[in-house]
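Each chain gets a letter, A, B, C and D, in the order it is written, and its residues are counted from 1.
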Amino acid sequence: MQLEERFDAHIDAGDFIEAKDWMPDHYRKTLVRQISQHAHSEIVGMLPEGNWVTRAPTLKRKAILLAKIQDEAGHGLYLYSAAETLGTSRDQMLEALHTGRAKYSSIFNYPTLTWADMGTIGWLVDGAAIMNQVPICRCSYAPYARAMIRICREESFHQRQGFEALLTMMQHGTEAQKAMVQDAVNRWWWPSIMMFGPPDDQSPNSAQSMRWGIKRISNDELRAKFIDATIEQAKVLGVTLPDPDLKWNEERQHYDHGTIDWSEFWRVVGGDGPCNRERLGARVKAWDDGAWVRDAALAHAAKRAEPQPLAA
Amino acid sequence: MQLEERFDAHIDAGDFIEAKDWMPDHYRKTLVRQISQHAHSEIVGMLPEGNWVTRAPTLKRKAILLAKIQDEAGHGLYLYSAAETLGTSRDQMLEALHTGRAKYSSIFNYPTLTWADMGTIGWLVDGAAIMNQVPICRCSYAPYARAMIRICREESFHQRQGFEALLTMMQHGTEAQKAMVQDAVNRWWWPSIMMFGPPDDQSPNSAQSMRWGIKRISNDELRAKFIDATIEQAKVLGVTLPDPDLKWNEERQHYDHGTIDWSEFWRVVGGDGPCNRERLGARVKAWDDGAWVRDAALAHAAKRAEPQPLAA
Amino acid sequence: MQASIAVDLQPIVQYLLRIGDTCLIHAQRISEWSGHAPILEEDIAMSNMALDLIGQSRAVLTLAGQLEGRGHDEDQLAFLRQEKDYRNLTMVELPRGDFAFTVVRNAMMATLMKLLWERLHESSNAELAAIAGKAVKEARYHQQHAADWVVRLGDSTDEARQRIEKALRELWLYVPELFESDAIDEAASAAGIGPRWTDLQAKWLEEMDAILGEATLQRPDDAAFRSTGKRGVHSEHMGYILAEMQYLQRAYPGGVW
Amino acid sequence: MQASIAVDLQPIVQYLLRIGDTCLIHAQRISEWSGHAPILEEDIAMSNMALDLIGQSRAVLTLAGQLEGRGHDEDQLAFLRQEKDYRNLTMVELPRGDFAFTVVRNAMMATLMKLLWERLHESSNAELAAIAGKAVKEARYHQQHAADWVVRLGDSTDEARQRIEKALRELWLYVPELFESDAIDEAASAAGIGPRWTDLQAKWLEEMDAILGEATLQRPDDAAFRSTGKRGVHSEHMGYILAEMQYLQRAYPGGVW
């Protein structure tokens, strides 16, 4: 157990673990699960946004949305690469996604029903994602931490763009546009604060992840931080958050919020959210429809690797 | 040759030929070709109109368009039945359509690009079709003549509806709507007057068909009649027909018209019109996609025809 | 002029919009078959069914506009609302799918509508009762036609059976929404306008079981999934349906058609 | 406000609209791949290409609006014209098809655009020359990327080869439109704004032949079919593209986005 002791010592000292270093199996598995889940979230997350590219209302907004989706595909790529350093291939991870064994962020199982959903996803969903991800920039596994630094920088940019898109509509738009923004916020608020996961007392994997420096801050703590920050931003926007119980708690130095409907959360995680079947179906279809392309690329590479026959 | 003499005598006397009567092979073949081509035209003709059902601008117009398309499918059905009395099955005729051996009216190889195309097709295309078809109500082959009587009645109704739809836009619509109507008329005028076929001196099959009482009036004569009638209707509508050479010829007692671009006509007939590939492709796809349905219906009928096993 | 209209949220109007919108959006989907059906007889049948549904939608939307009292006619209601103000069942938004999907959906919807029209025929609103009297005959025919196909396809080849089972599995997810009760239903029921849809459930299941039984098919299990189109929260398909359906009204302000 | 705008028909404006609209509509089609590509790297590549094309379209439409002198900005031109006033090549309207169709179309279009931007870089209009200077680099990359795929798919498995041959056959029908000359081209050429597109044909064929040759593919025969999108008479696909693309601008009059 000398290896494990040395590993624990590294962790305790706040050192980073590199791919070549020894690590416990469970640490490796936990990381593969978390990183691939994060990668899958980027990939599946392209779908609800992709739904509005052809309908974006101006060319500037269309360009911003395309750039964002491109960034997300890029994040997926870094993250799959980071996970691959742990010995699992991208195809294996995708297989787990397509067969339903691997999860992705449940937030992407909600539909994008109006253009304002694009700004709202940027503001709330990316906002919550960043809150979750910034601590991972200090994650004990170095390749993951390095990927997250770059990702968080881009996500912050996306969040600001989303907020700005909403602000433009709220400050300069028509009444119909303002109502569209409020409607989007009403639909995305609760799913967004569920993104931090179940309450700490019901989060079984958290303790070990904390111990290993994979997770740094608890679900409830992150959620509180997010809510506090968002309430101030909502005031700037001029939208109402759909929770009448939000009020400042002097003692906790945080806002109190209303009861979260965890039965909805578990229903969506369990596969019965509004778009679970569509999202996974779209990914599986893209993969299956693309099989001949991947086969052809391999066949071509093999062909070109062979010595060419001489011309007659 | 007694049979042939008797047949000729019937024809000369203006009598009708019924399915059970003896007829020359060439008469039979000519009729199958013409009736099936007419049936195919009804079926293919559903496509350019079907293109606008989901986009019709009011519920009333949507209902009128759906009813018209339903009528056209019905016409296809009568006509296939009439042709079947001559000993060729519907499947054989469809096979000829799908493999490109059989023709359909070339007019349906033009795209429907605006809503005004719906009214214009009713007015001009159905108008020209009626002009072509009314004489066939007196065709020597009785089952065809009977089908045509019913079809012509419905076509007239369609033509009036098309005209009325255009008139509504021209009399009560906005400038943008009036421009839409004029644009549609500009695109459909020349193809419509080509619907009567090539000039008489270049129409090889006409003489025999005339002799047999399948065709009663020549291409150019029908075209002249159509142009004369349409010019008056265009005045009521307030649209300009896109031919600066249209002018009354006192001697002929018909309007003269500009030169028809017969090279375009032959290009479209030959398969290189704007939508030939799409139209035929859509029909073939519908047929191929529906193969399992037709197979299943046959299998079910066979199953139910067998004596059912006794319940255990 | 072609900006969206705001619709009154009074329960009776909402109750009628659920009916009128369901017919309308279902007609949009069915009409996609015109010219593309597996046999010519079905081109006719599908066009005819779409036509009946448009007729029903027109009558009900007109009545909804009258009861609303804001001067909205059938076309303003059909073409100028925002997505969230449509109240159709989510099931009718789903893409047309293959012919198996279409006939299973048609059987489910026609069975529902037949039962609904039967009850609406006794509505305290005479106008609605009259609409229902005509519509119920159409719905009976739609049900018979679709059920015949479900039976025909269900009890035939392996391919057809697989397709129809898949369609049934996918569509069954959207069934709970049909019978979910809420304040709108309660208000309509209390006013004698029409039944709570939940009261149609037992009979609907019985009739569907009869169809599925004859087709030698199993009724799928219920899932926890819940669609919500009736409350105005639609699937992602709806936006595309409306972009297409509303385009001319939006792009030609002040147009007369 | 969201009624359609009327566009000036002066040749130079039309010449620019052909470029800006072709980039725009092509971007619409390519962007349909975002999230649905065969491999993640192609999700990135397709999104990136769409983004470049949107950027090019914005620059050219803005310039077209300035030269037109009616105060139309990029968005009014992109979103508020009637179908017949769009001047894109018909080829870019065709549905995205499979990946073979997409890469063949991309190779054809990028080769055309690269050759066009090279010439526009010498335009008498300094603004257009500057736009072209940036765009030509992007088009070169697009061409390389698409050509690599044409070669990879053309010379690989039987299935891929069949698909790419089918795509090539279908797309080749739309090639003559690319190089058809008319008064608009002549005017642009006379003013030193840009080349007659017909003058690009020889080089385009040469580069395409090189790509097809490396892919071991045959150049298809020419047909008598002629598409006419460049003159504003589009395929039936265009109406659906615009209904979707323009929907928000049409449905939210006076909106600020």
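Here is the rule we use: a contact is a pair of C-beta atoms (placed from the backbone, for glycine too) under 8 Å apart; a residue touches a chain by one contact, two chains touch by 3 or more.
Keep in mind that what you see is a predicted model, and the values were worked out from it rather than measured.
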Chain pair showing more contacts of the two, A-D and B-D: A-D
Between subunit B and subunit C, centroid-to-centroid distance (C-alpha), Å: 34
Chain centre separation (subunit A, subunit B; CA means) in Å: 57
Two or more partner chains touched - positions in subunit A: 55, 176, 180
Junction residues of subunit D - those touching two or more other chains: 3-4, 82, 239, 243-244, 247, 252-253
Pairwise touch network: line, ring, star, complete, or other: other
Pairs of chains, among all present, that meet the touch criterion: A-C, A-D, B-C, B-D, C-D
Subunit A residues touching subunit C - in the complex, by the definition given at the top: 48, 51, 55, 111-114, 176, 180, 183, 187, 267, 270, 272-278
Subunit D contact footprint on subunit C (complex, rising order): 2-4, 82, 239-240, 242-244, 246-247, 250-253
Residue ranges of subunit D touching subunit B (in the complex, touch as defined): 3-4, 82-84, 173, 223-228, 233-236, 238-239, 243
Touching residues (chain side subunit B, partner subunit C) in the complex: 43, 46-47, 50, 53-63, 66-67, 69-70, 73-74, 76-77, 80, 90, 115, 165, 168-169, 172-174, 176-177, 180, 282, 285-287, 289-297, 299-300, 303-304
Residues of subunit C touching subunit B in the complex: 24, 27-28, 31-32, 34-41, 43-44, 47-48, 50-51, 54-55, 57-58, 61, 74-75, 78-79, 98-99, 151-153, 155-157, 159-160, 163, 241, 244-245, 247-249, 252-257
